[in-house]
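Take this structure, written in structure tokens, and hold onto it; I'll ask about it next.
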Amino acid sequence: MRQDESTGILDRTIINLRRAWREFMSSGREIKPFDPDPDLPDADKKRLVKLLHECFEGKGGDVSSHTRAAVLGQAYLKLNKTGRRRYLEVLARDFALDRETIREARRKLDELENSPELASDLRELLTPPRLKLLTQFNDLPQGVKFLVDLRSDLRSFMIADPVLKGLDDDLRGLLESWFDIGFLELKRLTWNDPASLLEKLIEYEAVHEISSWSDLRNRLDSDRHCYAFFHPSMPGEPLIFVEVALVNGMSGSIQDLLDEDAPAIHPEDADTAVFYSITNTQRGLQGIRFGTFLIKRVVDHLARDLPNLKTFATLSPVPGFVNFIKTLTEGKEHELLSAKERSELEKVTGSNSLKEIITMPDWRQKITDADPVREILLRACASYLVEEKNGRKALDLVADFHLNNGARLEYIHWLGDVSEKGMRQSAGIMVNYLYKLGDIEKNHEMYCDTGKIVTSAAVNSLLKTIN
Amino acid sequence: MRQDESTGILDRTIINLRRAWREFMSSGREIKPFDPDPDLPDADKKRLVKLLHECFEGKGGDVSSHTRAAVLGQAYLKLNKTGRRRYLEVLARDFALDRETIREARRKLDELENSPELASDLRELLTPPRLKLLTQFNDLPQGVKFLVDLRSDLRSFMIADPVLKGLDDDLRGLLESWFDIGFLELKRLTWNDPASLLEKLIEYEAVHEISSWSDLRNRLDSDRHCYAFFHPSMPGEPLIFVEVALVNGMSGSIQDLLDEDAPAIHPEDADTAVFYSITNTQRGLQGIRFGTFLIKRVVDHLARDLPNLKTFATLSPVPGFVNFIKTLTEGKEHELLSAKERSELEKVTGSNSLKEIITMPDWRQKITDADPVREILLRACASYLVEEKNGRKALDLVADFHLNNGARLEYIHWLGDVSEKGMRQSAGIMVNYLYKLGDIEKNHEMYCDTGKIVTSAAVNSLLKTIN
Amino acid sequence: MRQDESTGILDRTIINLRRAWREFMSSGREIKPFDPDPDLPDADKKRLVKLLHECFEGKGGDVSSHTRAAVLGQAYLKLNKTGRRRYLEVLARDFALDRETIREARRKLDELENSPELASDLRELLTPPRLKLLTQFNDLPQGVKFLVDLRSDLRSFMIADPVLKGLDDDLRGLLESWFDIGFLELKRLTWNDPASLLEKLIEYEAVHEISSWSDLRNRLDSDRHCYAFFHPSMPGEPLIFVEVALVNGMSGSIQDLLDEDAPAIHPEDADTAVFYSITNTQRGLQGIRFGTFLIKRVVDHLARDLPNLKTFATLSPVPGFVNFIKTLTEGKEHELLSAKERSELEKVTGSNSLKEIITMPDWRQKITDADPVREILLRACASYLVEEKNGRKALDLVADFHLNNGARLEYIHWLGDVSEKGMRQSAGIMVNYLYKLGDIEKNHEMYCDTGKIVTSAAVNSLLKTIN
Amino acid sequence: MRQDESTGILDRTIINLRRAWREFMSSGREIKPFDPDPDLPDADKKRLVKLLHECFEGKGGDVSSHTRAAVLGQAYLKLNKTGRRRYLEVLARDFALDRETIREARRKLDELENSPELASDLRELLTPPRLKLLTQFNDLPQGVKFLVDLRSDLRSFMIADPVLKGLDDDLRGLLESWFDIGFLELKRLTWNDPASLLEKLIEYEAVHEISSWSDLRNRLDSDRHCYAFFHPSMPGEPLIFVEVALVNGMSGSIQDLLDEDAPAIHPEDADTAVFYSITNTQRGLQGIRFGTFLIKRVVDHLARDLPNLKTFATLSPVPGFVNFIKTLTEGKEHELLSAKERSELEKVTGSNSLKEIITMPDWRQKITDADPVREILLRACASYLVEEKNGRKALDLVADFHLNNGARLEYIHWLGDVSEKGMRQSAGIMVNYLYKLGDIEKNHEMYCDTGKIVTSAAVNSLLKTIN
């Protein structure tokens, strides 16, 4: 299954859709196929505009609309990166709200204060044609997946092309309604699931790469669970998945967790569930939150099935930590490190500045060997996680995710991830966030309202040593 | 399964939901259950408002919201008709858009002309709190069915209570998005389907009542097909279903079609598919159109599976016909009937006015026996179907439905339905609407744009005899 | 679905098989179809013998055999009662073991003492051709069901035609191997099962007739369970099923249990499971025991699922009781009744003999009203159940079944079944047999080894009053 | 999933069975577990005999028997190779037919001539206790798989231990009845099947090893089909599977067929189905033939689904060819090769004897380069396939399998399999056997009755050049 470089959509999917949609088109008797040049040159663009107008006006009734949507979708799939950007720009510009509509909306708005029942009509009025056009794709086979992938394209173009932002907002709103948490189904994935589904875990896993089918089987073994959310219109496509290890005691090292040769324990004997990887799979669903729900549902599910489990925690990276160190000012370094510590650092590494050390080519070697560095970096990490903020939110994105979910910062582990990526981003540090059943709501509320982060005694003592 | 008279919701469903939701509530540690009096007296109403506010503000994070939605839904199910009306009024009035928001919307609207990408934000702003509250019920088990049933309640109260109209519009918009045709699944129902599903056909069938399980089995036999649309969140609940008879030649009598003792023909030998009953099952989905799609998909499905089928037609009642006759003016009667005909009528029935005849206690007897009446009524019916309009649309609702779908008016049958209901509404007349594959789009477009109704030669000759 | 009177096989099944097998036949190029007269006159019988010989010799390889089996099976289905009997006689007589084979078997048997590994060869040798012929039908679609139904025919002919007994033994042996308990699947049947499956419960229920679909739904409700064994080759065909009521306290009246208007209790609140009906559905599987396993598996299943259940008992008829009374000798009557009792009987009924009373046209009326009769009959019933034997086995077949399974005789209920059948066979009496988990094996062993029947104190006290 | 070297049974299966069966045992109240030493020393063996006797006598009824079977099965799984052999010997020797029974059989046999209906009783009498004991395992979870694996053990011990032969015959007979073709289900396997099932293809494939999951996916792609037979009691365990390539024209090279980078053709465009691998997976089912049926069913299935397919053929090795050459006598060489050919051979390879050439360390190099060798070897191969016999059967086992199925010998390909194994066994030669729909039965019959092999013109011309 080769990846189409230009677009991020899988070849095989495209081929299937093209075939399926071609059939629709051929059954629509009076609509000519549309076979644009991959770049969507101006002549083809003109024809596109015409087709979109006809589609929007709904000539010929529902069946013709259906056929026209298939023609339009088919054409999109044939385009390359340039062509797709041009296609989306047509949609965004030519099918936005027009002045007339906006004037009418103003009249309606004036009446609204006395007739609040008009709100629905007004929203309808303010729905641009492009949104209705996008909705029509839903009725095609795999239409939802098409729209999710189209938004994935859109988001990559959006950066350079702000006019597409409004279209993205429209599409996000549509997908938010369709992907409402109430429609998602939580499933446990096991080695008995279809190979065609499981290979997607290998493909998508973003946190700790799955190296082989044997690695995958190990992650689905009796003491390793994997859960995912699915949408009924995208069966066989996990939207987000979480990997859980059932162990005794909170784990501190990802490499230990993933060791294929480690003896399996019986799930019913485990006292701790460690969530060691959460992966969003669909770029086209960015901004629609599933993660919170996933963790809580899995916790509920596990607590019910395996009553022996007492502790639910994550084993998470600190992806912004190394970057944070690299941007430390001298003043900040002086805050974090005492004079004595700086001189110890210098003795071991040749420099008294964390920032300098972390940019040395061989810093990893030095860090892993030297004891004072270990203490200093753990302390710096605690400080980074607890005190570095973006408004009320923790600066570190992973920390913010779990704290906002109501977790507490429990442990900070040295050499918890010695992979290349783990060292490069987190200086090898891994963190446990603890989901304590009775405290989740309280923690969440405190974090949201005041930004206060709940920490364990262990983390507190790290923080204390700073001051 | 007893029906709750006051509300139209099934007892059993309510009992199941109450149980399921009670479990949620008990897992939400800090939210007290809410056990209102069935009438929702003022004290309980006050508590309801408070709970709704907390739910809207989302205190305690997603899980608390979830629990609160269960508490609120549970409370709703406990109420009687009065209580539910009061509950819905609270939602409609206290959680509509407020003035402040409307003022802000005005500011936003002013910017919109230059920044069309703001449309999405503005729609979001114009979404009243009540709509967000309703959305939260979706995450409960069977939440979609709950909302559909809630709208069913709402529509029965709405008539006497116009303030609920806005709430209904909001809810319709939400359900329209969720029940987009792309999410519906077409399934053929057979005698191998669960009894718990099939009993719903018996319960819902609105056009030609199913009298027993043996009658039902007969309608699912090899030469009788039944198709329905399902939504993934309401498995086991057909949203709309159509019954089809596979026969040779277009049928004119519903009693013949439903005769359990008639010999079955092999489906592969049939040349005609007769759609003899279409039933919408969910009052809460009124205004959301599935019927058009259903017929066309079933036609496609049958055409592919049984290539011998050449003709696709309905056998439909004329539900407004008797009423139409009863409201004829004298002038209109003179238009429809020649002097000679009126005197013939008088000879047979004792009256020269159709209007008078149809209000006689024994008119049915007279009609079925008397030949001139037969001719006159068929002609009057053709005239009613083709010439009586509501704007561009046919006055008869069934006629409008099929004509708008692109069908043509093919035959008008005398004594096509001799049941009590058939006589009372349609004077026993049944009609074939023909779905001719190549003409559907053209017919639809003509009917929509000009109101012109395509008729067969047979119908035309009936019409001609009028003038 | 009309029953074919002559054969007991369902029309619809036959029609389906005929169609399916015809297809096979047409694909076998060189084998002519065989379309015998329904009576299988001699000419057709001759052709049958020829075909059977070819089939047995396996000319043309497996595929031809397959086709020939379809031709032979098809022909069988076309025959009437007479024809089928003649067909089976051909099989039984012309394809039994021949003398030559028996002589060879004698030689083999002589070697067997020294070479016990020859047993398998010898069994093979002693397998008559007819058994190999029957086995070939298994490879046809629904072949197993065909053989089961064929044996059902066979058993009805066998009575008058002892030469068929050997064929029946062969077939029973084959089916015993194929229907080994290890291949059967226990399933709970609910209202969510296919209507086509549930209608078979209505059709087959032998103990307490199911009067309507609403009665059936009541028997599948949350406090009524139904379990059945299925064979993978006969999906949709329950082999045996048992109906269980979840109640509080042991029930004594079948009419109370089946009352559709009785309020349902929550299954988790019940303390007692009452098995009130066990039905073998396939006459063709007579002599192959499933009942024992079914009850025990259902007990296990219920005990695991509903830990509140403390008591597992049946509510069973005493089908031989009235017959037993009718055949009482005078001496026996004197054993059962004291002089005082006989005079009391006479006062109330006009006769001092149970035997006479039970043959009076209005005995039912007299029994239900008169108190002394009640006591006397209950006592007589206890005596009948415990003391009347057929060898070591209880004379009453239902009693023997449960006692042999390890149950104990617990209660004898007056007017436990007031239906016509209940009065006619059991004089209205119903019995609880108790399955006490820890005692089942012990009771079974005692009953098997010594014929001793374990009884409750209540039954004991009835027995005591006799002596 | 580690393989247990000593026994060939998979660790994981054993672990699961042990757990499942332990539960049974614990529910059987009065039966002590049996935990023998892995070698089954004499003390344990004695206890085994005692348990087997109790089990055979059926003390305590069916439930106790069930528990005892679990205890006995559990014990077997704990044993090592030595222990298992001793266990099976106990079964074979101590539970064979005894003299008394044989004497009784002799009496029965005498009556048989007059009472052929006794055959069934006699077979029953001649069924040794060991067979009844084995049957009891069937009622355990996965009991069928247990017996199949037990027979796999048995067959490996049998070679050195002929007393086990009788037990193997008994077990084969039992499995033959249970695995009757009528109980097997043909399924197409695709990439959408469970990973736990697909990994078994990798594990079992015996003909052309599957090198990776990506190789596997390639073999399940749209133009590569895979079909297998399954038994309802062993879901997830293919019994035999065949791999088919859909191509244009008959393929001659297995390496070309398996090339992952070859472009896929659309299955509906293919004109030829090439069966390139057939694998029996269960050693415990040796001697029970599925292959014939599998090929014919797959041919039927493909012919129906893909009407474009005109040719059904295999691409098969000639596994006995190199061995045949190695055992050529001088006389035979002279028959096969003319003097001129022998001198040509000598020129190219330094030897004039095929036998000598094929034992040279570098013969493969010489063969692939030298043209005269090619001609000579192809001819020798044709001669080997057509003329070398074992009775009426072709000496080459693969040839015998397909010829007996009714195929004809179509093409002989040079360098059709250049893998190490292909060169070592078949000198790189591959063969097409053609399954021509109209001729299969005729070919089969001719081959069976006369041993005559049907060959194509191409093969005939190779044969002609010999003489």
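As written, the chains take the letters A, B, C and D, and residue 1 is the first residue of each chain.
In this section, contacts are C-beta pairs under 8 Å (C-beta built on N, C-alpha and C of every residue); 3 or more make two chains touch, one makes a residue touch a chain.
All values derive from a computational prediction rather than experimental measurement.
Ranking every chain by how far its Cα centroid lies from the centroid of subunit C, the top place goes to A. Chain geometry summary: the mean Cα position of subunit A and that of subunit C are 61 Å apart.
Per-chain Cα centroids separate subunit C from subunit D by 41 Å.
Centres computed as Cα averages put subunit A at a distance of 49 Å from subunit D. Chain contacts: subunit B has no residue touching two or more partner chains. The complete set of chain-chain contacts reads A-B, A-D, B-C, C-D. Put simply, subunit A touches subunit B in their complex at residues 27, 29-30, 59-64, 96-97, 99, 102, 105-106, 109, 112-113, 116-124, 126-128, 135, 138-140, 143-144, 163, 165-167, 169-170, 172-174, 177-178, 180-183, 232-233, 292-293, 296, 300, 405-406, 438, 440-441, 444-445, 448. The residues of subunit A lying in touch with subunit D in their complex are 191-196, 198-199, 213, 217, 236.
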